[in-house]
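Encoded as structure tokens, here's the structure I'll be asking about.
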Amino acid sequence: MRFVSDNNASICPEVLAALSEANRGLAAAYGNDPWTGRLNEVLGAFFGTEVRAFVVATGTAANSLALSVLSPPYGSIYCHPDAHIVTDECGAPGFFTSGAQLELLGGANGKLSAATLTAALDAHPVSVHSVQPAVVSISQATELGTAYRPAELAALCDVAHQRGLHVQMDGARFANALVYLGCHPGDVTWRAGVDVLCFGATKNGALGAEAVVFFEPELVRDFELRRKRAGQLLSKSRYVSAQLLAYIESGVWRGNAERANALARRLAEAAGRRLLHPVEANEVFLELGIDEKTSLRAAGFEFYDWGSPGSGTVRLVASWDQDERHVEALCAALAAM
Amino acid sequence: MRFVSDNNASICPEVLAALSEANRGLAAAYGNDPWTGRLNEVLGAFFGTEVRAFVVATGTAANSLALSVLSPPYGSIYCHPDAHIVTDECGAPGFFTSGAQLELLGGANGKLSAATLTAALDAHPVSVHSVQPAVVSISQATELGTAYRPAELAALCDVAHQRGLHVQMDGARFANALVYLGCHPGDVTWRAGVDVLCFGATKNGALGAEAVVFFEPELVRDFELRRKRAGQLLSKSRYVSAQLLAYIESGVWRGNAERANALARRLAEAAGRRLLHPVEANEVFLELGIDEKTSLRAAGFEFYDWGSPGSGTVRLVASWDQDERHVEALCAALAAM
Amino acid sequence: MRFVSDNNASICPEVLAALSEANRGLAAAYGNDPWTGRLNEVLGAFFGTEVRAFVVATGTAANSLALSVLSPPYGSIYCHPDAHIVTDECGAPGFFTSGAQLELLGGANGKLSAATLTAALDAHPVSVHSVQPAVVSISQATELGTAYRPAELAALCDVAHQRGLHVQMDGARFANALVYLGCHPGDVTWRAGVDVLCFGATKNGALGAEAVVFFEPELVRDFELRRKRAGQLLSKSRYVSAQLLAYIESGVWRGNAERANALARRLAEAAGRRLLHPVEANEVFLELGIDEKTSLRAAGFEFYDWGSPGSGTVRLVASWDQDERHVEALCAALAAM
Amino acid sequence: MRFVSDNNASICPEVLAALSEANRGLAAAYGNDPWTGRLNEVLGAFFGTEVRAFVVATGTAANSLALSVLSPPYGSIYCHPDAHIVTDECGAPGFFTSGAQLELLGGANGKLSAATLTAALDAHPVSVHSVQPAVVSISQATELGTAYRPAELAALCDVAHQRGLHVQMDGARFANALVYLGCHPGDVTWRAGVDVLCFGATKNGALGAEAVVFFEPELVRDFELRRKRAGQLLSKSRYVSAQLLAYIESGVWRGNAERANALARRLAEAAGRRLLHPVEANEVFLELGIDEKTSLRAAGFEFYDWGSPGSGTVRLVASWDQDERHVEALCAALAAM
């Protein structure tokens, strides 16, 4: 019974059907196909503004390619210590940017704030000797399963822009945050000041489909050349674009995220006081005893330790296609503790 | 009527079916799934030796990741001026290796030879001032649609190994070369001395599936870390591995390549004396008059100029799913010239 | 009256004389000269063990080249938030390593400790997803003007080595720490477990002379190739080596450092309770009122704000050739506050 | 008797004196000193136009830093196969640019031409798949000891600029070319269209002093940040700037180069029909028999093989401080062959 990660999930029927539908004979490669041709329009309608979107194969590539157009090699990128780019990308930001430095800013529940960013920027005057502050990178939903409110984002982006930094959002679980917040996609992106969103569909029902969505055309810069030289310009892009179109247009982004979030909330309720962070997406963080971890695993439940295996902090993730009975079983096990 | 590239082709039924079959509930991510678990064994049986294989999203990534474990940042990579890594990857080798230098060696029909490699290595004594010869990179089939014979490869690899270089093969059209040569896959890879093969299925029927196949375990080195930080470790790797398994086990690699090659030969015969290189795969290079190019395009045929648009050199590519009638029409048009 | 930095100092007579003495007609370039030829022996005698030493032009280059042979591109480098490599090298470590990630560990008085390193390594289990812990980088004297004791270093290096990390020491002010501690150079380097020392003479009397000193021959790896491609292999290396030889053999390393340290102690005594850190080298950190900063500057004293200009933290540095009267004047001004 | 390279030469008296003169107490570091403060003005007067100049430690660093502001990481740099950046910098251009590709253009006597550049650019249409032509890099004097005439340069630069490329000149032996040509420094740089000159003094009498001279202010871009993170911002820059000021203002650049060139011409005359290229600087290329090479070396003459040691091609270099008697001896030996 896997609660390890939503990337354990399968492809949802709507997306799988789209792959078959896109499979009609020859089509231009490298994004010159009709499916990719519709992407800007469909994503633009979703976000309520003009966008320029580019598909890539993975979330890691999406994040780091976005960062590489926003930061010079000697730039610095402000982010949370728990950010995926810090802990789970094997140094991809340094690779794609050719050396930019990550600057970690603490914050409760996985969130940066306007205040911590201001303090960090004030503490280090910029000169030819220092790295040059370039980007604020945030995750929505955060790596701790919480969701930034529009006002939190707006305050943070305001500081960033006033200080000459751009804002990139890791949206590997963007749909989960969105259905929790119940707001318009624009409210937690461009309207709040986010410059580039890495919009992930893979964890929420796609085979593998990530779009880097620019809300400011001039920020695109040399993105296409960087994508190509990173081996992220997919020859048969139509199959990635078709996934994204189906994901948006069928509304399955919402349905899948709602189910995953609802399951996570059930786990959270069962866990009670062991809960470490508000559950505002599909992730549940618990503080367990070492014995409790062991007995859950012995009972067949799989999940990640969060941080040191010697601690009792664990992460449970509910996927869009999580088996109802597994969730029930885990809820029962948690409630029985 | 597209003869632009075999990456315009669709997914063949065998591979599409494999995607559906792999779509069974939750599975471990990042290559810890059962499909990826079978990959070394299935590819090992195909090549007739133990291998270690790693899937990635694109041929560009496959080539450059392979090069990045074989060459230090100050290494040099010997290759043909028409190699894909030289002309079509937007500098990916320089990016992935953090600066390795491409050394171009001419050669008829897109092939390097033992003699040109020897001469090049002799001409430039190595010191702390020079780049360090590290890799010979070749393509099979070559970028000019020809196929290295086993003996040609063995002679070339011999020189490379004697001089301390490794040999990487770009096999974006490996199946096409193999069915032309009619030999065992091992004969043009490890038995001839190839160290790493970038084995592509995308152009020949897959959605997007490339495997970097190491024939020497110790050469794998830090490949997995480099793949991860390049955003090429796919979370849902099962869907890429499943494509490759189907591609090999169903034998469709052969059937698709045979059809594509046969169509290319028909085009070559129709083109007659305009043919520039032997057709040993699914690509046909012709020298046309400018007017002839224009009239073919006016008749609805799409294809690439090869090199300068001001020249008359063109490339025609036949795909596994090329429409028979389009091939007939193009043959007729060529014959009528 | 400059108390800005010891890099404002001039060349001391012993070193200047060595330049003239080395200026005898033609000599082999790129380190094949007799002066460079003596370097390993002279530095080996100084440290009391066999070493392999390489000269470079700047401390930034020394640090980052050393790090680049100790860390892979996806490595992580543990260091203090105040480390020069973090705050004052414009991202050089990321550049030279092609992307390694700096991991900041707090610590009083600019020092890392065995305990904080252990805790940090325990908190982040290593996998293919994470950066790979590779190096601990420390400064001696620290950036806050303190000196690691031999036992502190040994404990820290022990943890590092047990966990598979190497230890690099930024010794831009190594002489200052050494004369303070009064110990043997080996006691705070190889005997304590330091693998590589970046031994700086520039701040303490040279024109520009930094040596990267390896205490383990096998760690040298490809240092020479990396130095060359970084533009740090000086054609007329004899003039850098000659500086270092004079610096060591004349004993001026000691005399200059003793004078600078003594002047710093006088400043510290005058500053009294405003002192922020023990003065164990030639740097003095004070917490002043904003008005006090302003009035000192109005009186002609130049110095750095440490961190935010809006704070009252300042750094005073005493050089080997600091004018006695300027020190007296500053002491008087401080005492009068 | 060394004819190996002009980097075997010593420091000329004028430059050595300047070091002493600059050695007056404390001075601001990192180029904020009065010597560096005069550099733009003095070099501007020399070239007859406004310039922005930056000192670095080596010619390799000068070239590659210049290239790194002119070329994106996916750019291409057109240069001669014998260019120092190709053969003698251990891949520095790839390192500093983070991956730019060198494109080699043949040409007699080490020179590129407008025609070969045009042909090369025409042969490879640019797209997202290709590297992006960015820079033409030439050497003056060339690596084969010849000098571009102003009209040759103007024609070449014209093509470059029309096609959107910038022109960088490696001027490690700029003075030698200049005294041969007898023209104004501006005639073979900015007036001809050169954008950036790497102006070397090291080979012609300095200890180590290279200036990157921009003739277009906007091309400076982020040079200072790139210099810093490359460890090429020298803390005690005054001593490098003072060398350059003395080199220019004393006129020793001319006197030293005239002497070196004159000695080279004498060697060339003695070598007679063995001469491979016109001698227009201080380098002499000869085709000798293997036995002749051996006997010259046996007689105590040191020099480089040019290319393969198995060939008879050798390079003799005359330095500003070459011993007259050594030159006479070598002339006699050559004449006796």
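When the chains are written out, they are named A, B, C and D in that same order, and each has its own residue count from 1.
Just so it is clear, contacts are C-beta pairs under 8 Å (C-beta built on N, C-alpha and C of every residue); 3 or more make two chains touch, one makes a residue touch a chain.
Remember, predicted model here, so these are calculated numbers, not experimental data.
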Comparison of A-C and B-C (more C-beta pairs in contact): A-C
Most distant chain from chain A, judged by the mean position of its C-alpha atoms: D
Centroid distance [mean C-alpha coordinates] between chain C and chain B, Å: 50
Between chain C and chain A, distance of the C-alpha-averaged centres to the nearest whole Å: 41
For chain D, residues contacting two or more additional chains: 30, 73-74, 89-91, 94-95, 98-99, 128-129, 132, 225, 228-229, 233
Residue ranges of chain D in contact with chain B within the complex: 73-76, 86-91, 93-95, 97-102, 104, 122-125, 128-132, 305, 307-310
Interfacial residue positions of chain B with respect to chain A in the complex: 2, 4-5, 7-11, 16, 19-20, 23-30, 56-62, 64-65, 89-92, 94-96, 202-203, 207-208, 225, 228-236, 239, 319, 321-323
In the complex with chain D, residue positions of chain A that touch it: 30, 72-74, 98-99, 128-129, 132, 222, 224-226, 228-229, 233
